[in-house]
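Here it is, the structure in full.
Read from first to last, the chains carry the letters A, B and C; within each, the first residue is number 1.
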Amino acid sequence: MSLLHPDRLFSPDPSARAIAREIHAGIRDLPIISPHGHCDPAWFAADAPFADPASLLVRPDHYVLRMLISQGVTYEALGIAPLDGGAAETDMRAVWRRFAQHYYLFRGTPTRLWLDFTFQDLFGFDEPLGPDTADTYFDRIAECLARPEYRPRALFDRFGIEMLATTEDALDPLDHHRAIRESGWNGNVITTYRPDAACDPDHDQFQANLDTLAEITGCDTGHWDGYLDAHRNRRADFRAAGAVATDHGVAMPQTADLAARECRALFNRVRAGSAQPGDAALFRAQMLTEMARMSAADGMTMQIHPGSQRNLNRSVFERFGRDKGFDIPRAVNFVDGLSPMLNAVGDAPGLRIVVFTLDETTLARELAPLAGAFPALLLGPAWWFYDAPDSIRRFREAVTETAGFYNTVGFNDDTRAFPSIPARHDMARRLDAAFLAERVADHRLRETEAHEIARALTVDLPRRTYRLAGSTA
Amino acid sequence: MSLLHPDRLFSPDPSARAIAREIHAGIRDLPIISPHGHCDPAWFAADAPFADPASLLVRPDHYVLRMLISQGVTYEALGIAPLDGGAAETDMRAVWRRFAQHYYLFRGTPTRLWLDFTFQDLFGFDEPLGPDTADTYFDRIAECLARPEYRPRALFDRFGIEMLATTEDALDPLDHHRAIRESGWNGNVITTYRPDAACDPDHDQFQANLDTLAEITGCDTGHWDGYLDAHRNRRADFRAAGAVATDHGVAMPQTADLAARECRALFNRVRAGSAQPGDAALFRAQMLTEMARMSAADGMTMQIHPGSQRNLNRSVFERFGRDKGFDIPRAVNFVDGLSPMLNAVGDAPGLRIVVFTLDETTLARELAPLAGAFPALLLGPAWWFYDAPDSIRRFREAVTETAGFYNTVGFNDDTRAFPSIPARHDMARRLDAAFLAERVADHRLRETEAHEIARALTVDLPRRTYRLAGSTA
Amino acid sequence: MSLLHPDRLFSPDPSARAIAREIHAGIRDLPIISPHGHCDPAWFAADAPFADPASLLVRPDHYVLRMLISQGVTYEALGIAPLDGGAAETDMRAVWRRFAQHYYLFRGTPTRLWLDFTFQDLFGFDEPLGPDTADTYFDRIAECLARPEYRPRALFDRFGIEMLATTEDALDPLDHHRAIRESGWNGNVITTYRPDAACDPDHDQFQANLDTLAEITGCDTGHWDGYLDAHRNRRADFRAAGAVATDHGVAMPQTADLAARECRALFNRVRAGSAQPGDAALFRAQMLTEMARMSAADGMTMQIHPGSQRNLNRSVFERFGRDKGFDIPRAVNFVDGLSPMLNAVGDAPGLRIVVFTLDETTLARELAPLAGAFPALLLGPAWWFYDAPDSIRRFREAVTETAGFYNTVGFNDDTRAFPSIPARHDMARRLDAAFLAERVADHRLRETEAHEIARALTVDLPRRTYRLAGSTA
């Protein structure tokens, strides 16, 4: 028995499947490029063993937690303690058994496919996880994790990762990245500049963050121009630590392009704590345009991740904190939202703005036409809830006919679940092969073209987008 | 010749089709569970013969009427008289011939598939309906309807219906359900609590309905607390008549969670006829949350059917009345809309809120992420215009990757067309089998899992959702 | 080698493909009906040779230009000069080489399929266009264009065009159409009434256009009733020049139905240049309803093309002018938008309003339910960015289950790229055949029905919709 079929995710049609196999064979063994994600750089700095199976695969994975919660399991039962210090399960084997008992809930989800890949490929299982196999799984995984070849750096090498970007806050001292570089290990782990907490007046630490920003940079964050200089300064620090990109998580893809005088007045109001209604949103909107301008100047690729309503469940958020309170996508409007920024910098030579969406109705209607016209704009891959077989197919079907393949950027795993990285790239490559094969099978593409496109999506476009070594553009 | 192919609605791919046949064979003969619909309980109370073919299959079916109207046939020509007493066709054979003449219009629609199923399975036809066969059809159906085995109770048994829920207004005396129970017939026909006309200040009988509610319940509907008590009282009456669920048809899925003092003041304004702009909408929004609270207390499953703009065609509505004036779906926002209710009761143990949508863009973006996180929330099946092969596939593709199968509730036929019930469940089971088979064929699911899921969608999840006999949860 | 496979765009499944071939064979050779497009009537009036390959196939095609611009090619490099008289490439062979060098960008887009069809079918190529074949292509196409059989009228005949509608502004003298009719050539080229520039108070020439309208018609466009008379007068002129339809491009599908007194006051404000905020939008909305009323009276089919945000890129628009500045679709609301017009004239006997959309979320949610109920409303085919294989399939899947096939109108090529017309109709016919074949293969339709529907979509429905010769309705 086997958890993974060699033809998984390919069309069942024999002609399309045969073509998909050929295309996939051409990209299967290419290195993994992971230019956007949320792994903890401390793993690679310390190279300490990962803890037990539940702490590696269940407790930190919000895809897993949400599904279990939705069917009545509690955070406490999964070993997640409330912020007030209340009790939670401490027996990780008990957490794992609960997970195994509910593993059937993931049927039809990408989480199941990623985990089965990890179970077979990394830990050698061929019997499905379930109540009967829970202990066998727990024991074998625990035994593996104790071995040197399952430490973070060994896995990084085993996975064939050519580069991995993490994401750090603008105020992060970047110590782990420094430690990685100074360690002599040759793994290519870089950072990404994420300034949200220093760009959002609604963030509860906004004022303190600007004070810290002043301390770190020596810039006067008490006025607009000094504040922008502080960002420029920090961006330079991040670039020195290897960063090739910035990342911006915003509730709405709203941009603005105010006159300098208005910017200064707006900054003064939010900095003085005398913001008027709408000021915080306007400030965030203006800061996206400022960040785009800085990217046009310093060459960092800009990534915009909009449209998530954070922590919809207030009581869970209050009890368990961020990333536990159910982030939910919402409808967005990129046409009005991005116009100010695109009119300001959309034609800037060399600028690269990668936009992601959680509202797939915008793909064909707004984003593909925008990316298929503005030189600066590129489409990020299907993101978060949409990083899944049917959703990825819908993504390609929605954007390709208007924007083609070459206004997209290849795959991002965008994960904090390090062991899932090969599984996610495997899925993405198979889905690319399947999508291309179907278009060869109905004669929209020639097979030679499909091979070229597959390679572009796997390595060429990520390298070009993030200006990585090996880029030809 | 035959109207129905045994492999209808299965993938033409031989491997996927073979798997679909196997899966379908495992669920084909399971009993029909119909927990949400609009059949008339009087049929089963009186067990009188159905009238002529046109009155059974054409005149009451708004799917059929809309399509004929859209191509220039008039209501009058279909035997639907204006409210002002104007003339309409009274010759039901003439109505039937008009229908047969236009039957080609339904090509590609589910109505055609449901009707062909009924024609073959219930009335034994194997030649298609059309102008040439109109009279043959009319005569044979009329002859059948006169026979005892075509009376409502006999059909109920023949169809293999395990339970059927109708829907009654909060003020309904439930006489028909009482008559059914007292008749000694063992058919399981229950009611559902539908309080819209007593929760909507914009309803033209709102004040009178609250007066009647007071009379029926003995509660003082002149103030907020008495009004809520009256609902509790009526819900208990409905539960005594077998009800397991409530149903709420609202234009927008908007909820509110006001402080008690605000609720009282709001009620006083709408009850005194001094409502301010926005009060009616706010009252409806608050009542959804109140109904959810009552469901958390009394265990009735709550069903929310939002997003239909009723009677868009004012002149047709004025001439012919409700359900004739073209109800049209509109875009909705579940994230903002449901937040107040979900924050109030979304984590309540045992509460089950089933949400339906006519805006399929909300499925992947809003409803699957919400249902895949909040314990109380479940996804109702593809509804109304979307109860059709391509739409049902899109429903599953949109929700499964985020919410899985187990946050959905199986199939609802939601119909007032009693003869179509087996046809609709047949279609749903075939589409489930086809959907699962494709995921087995591309190795996303194992075949044993697909069989389990198919059975869950057919009987286990409906039983669990509505706490029916046989439920294991 | 060949650029075109005979089975292109058919399902790879052998059973569905065999059926698709049969269906396609029945419609492949039917005449082309092109009731909506933007060819230049001067081509057929003068019958002059087309210029060089780049001026025929690259420079006027905004699909081609947008994609090249999106990847950093400039308008100037493509031979498009700025409005200020700045320099641009004048060597058309150089433009063509640039195009050939970037032709890979169109992989996966309909442009590539249309162009390959034109390259093979019209110019006899069997090697793909690319940097290596650029000169061969340029030379052979240039050589062809110099020959009499590549002149506009000869191509019109060769393409098998039964009728072709162009689109002219309300103020157009229609000289070219007069010249065509007086030339003795028997090609059926007619005009279409497009009054946008005389209906939109925000148009920069609105006042001058109304003055001209008065001069042409002799009507007093200084007051509302005279202004409406002027439109009636011009519509009669257009009908005399063969027109069967009007066309309305509006940013939003917003209609209004004001009382006559309000219309007069509104007109007076916009005509006096004293419009208040919202007046221009309200005027456009009212004019759609007025145009629908005129269509109900004079029998011209009304076409509404809403939802394009014109010239989003202001600097490109200012430098290069209209149709260069990136038109982008946006979300629209047909339910609220069309209600006033549909309530005013939606039941008018014989009225035909064809609605198109660039927001495909409205297809299943709004337009199919509206067209499947209101007699006047018909659904235009997938438009602009959506005139492509996957998008056309989504169109049919979204509308058919609710509106059937017979509330749609067949195909419009809507193009100004004359050589692409056969390619576009070829694609549409293949996609119809493929869509129908899949429904025959899974037994939703009988094969005889599929043949009838295919013929209806190709010739019967266009003829009926636009009341063309040969129409049976």
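Here is the rule we go by: a residue touches a chain if its C-beta (ideal position, glycine included) is under 8 Å from a C-beta of that chain, and two chains touch if they have at least 3 such contacts.
Note that the structure is predicted; figures quoted are calculated from it, not measured.
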Subunit B onto subunit C, rotation angle from CA fit, given as a multiple of 5 degrees: 120
Type of subunit A:subunit C copy interface by residue overlap (half), same or different: different
Between subunit C and subunit A, distance of the C-alpha-averaged centres to the nearest whole Å: 40
In subunit B, residues with contacts to at least two other chains: 11, 13, 331, 361
Interfacial residue positions of subunit A with respect to subunit B in the complex: 4-5, 7-13, 66-67, 69-72, 104-110, 113, 128, 309, 312-316, 326-331, 358-361, 385-386, 388-391, 394
Residues on subunit B engaged by subunit A in the complex (per definition of touch): 11, 13, 15-16, 331, 333, 335-336, 339, 342-343, 346-347, 349, 361, 364-366, 368-375, 377, 397-398, 400-407, 438-439, 441-446, 449, 452-453
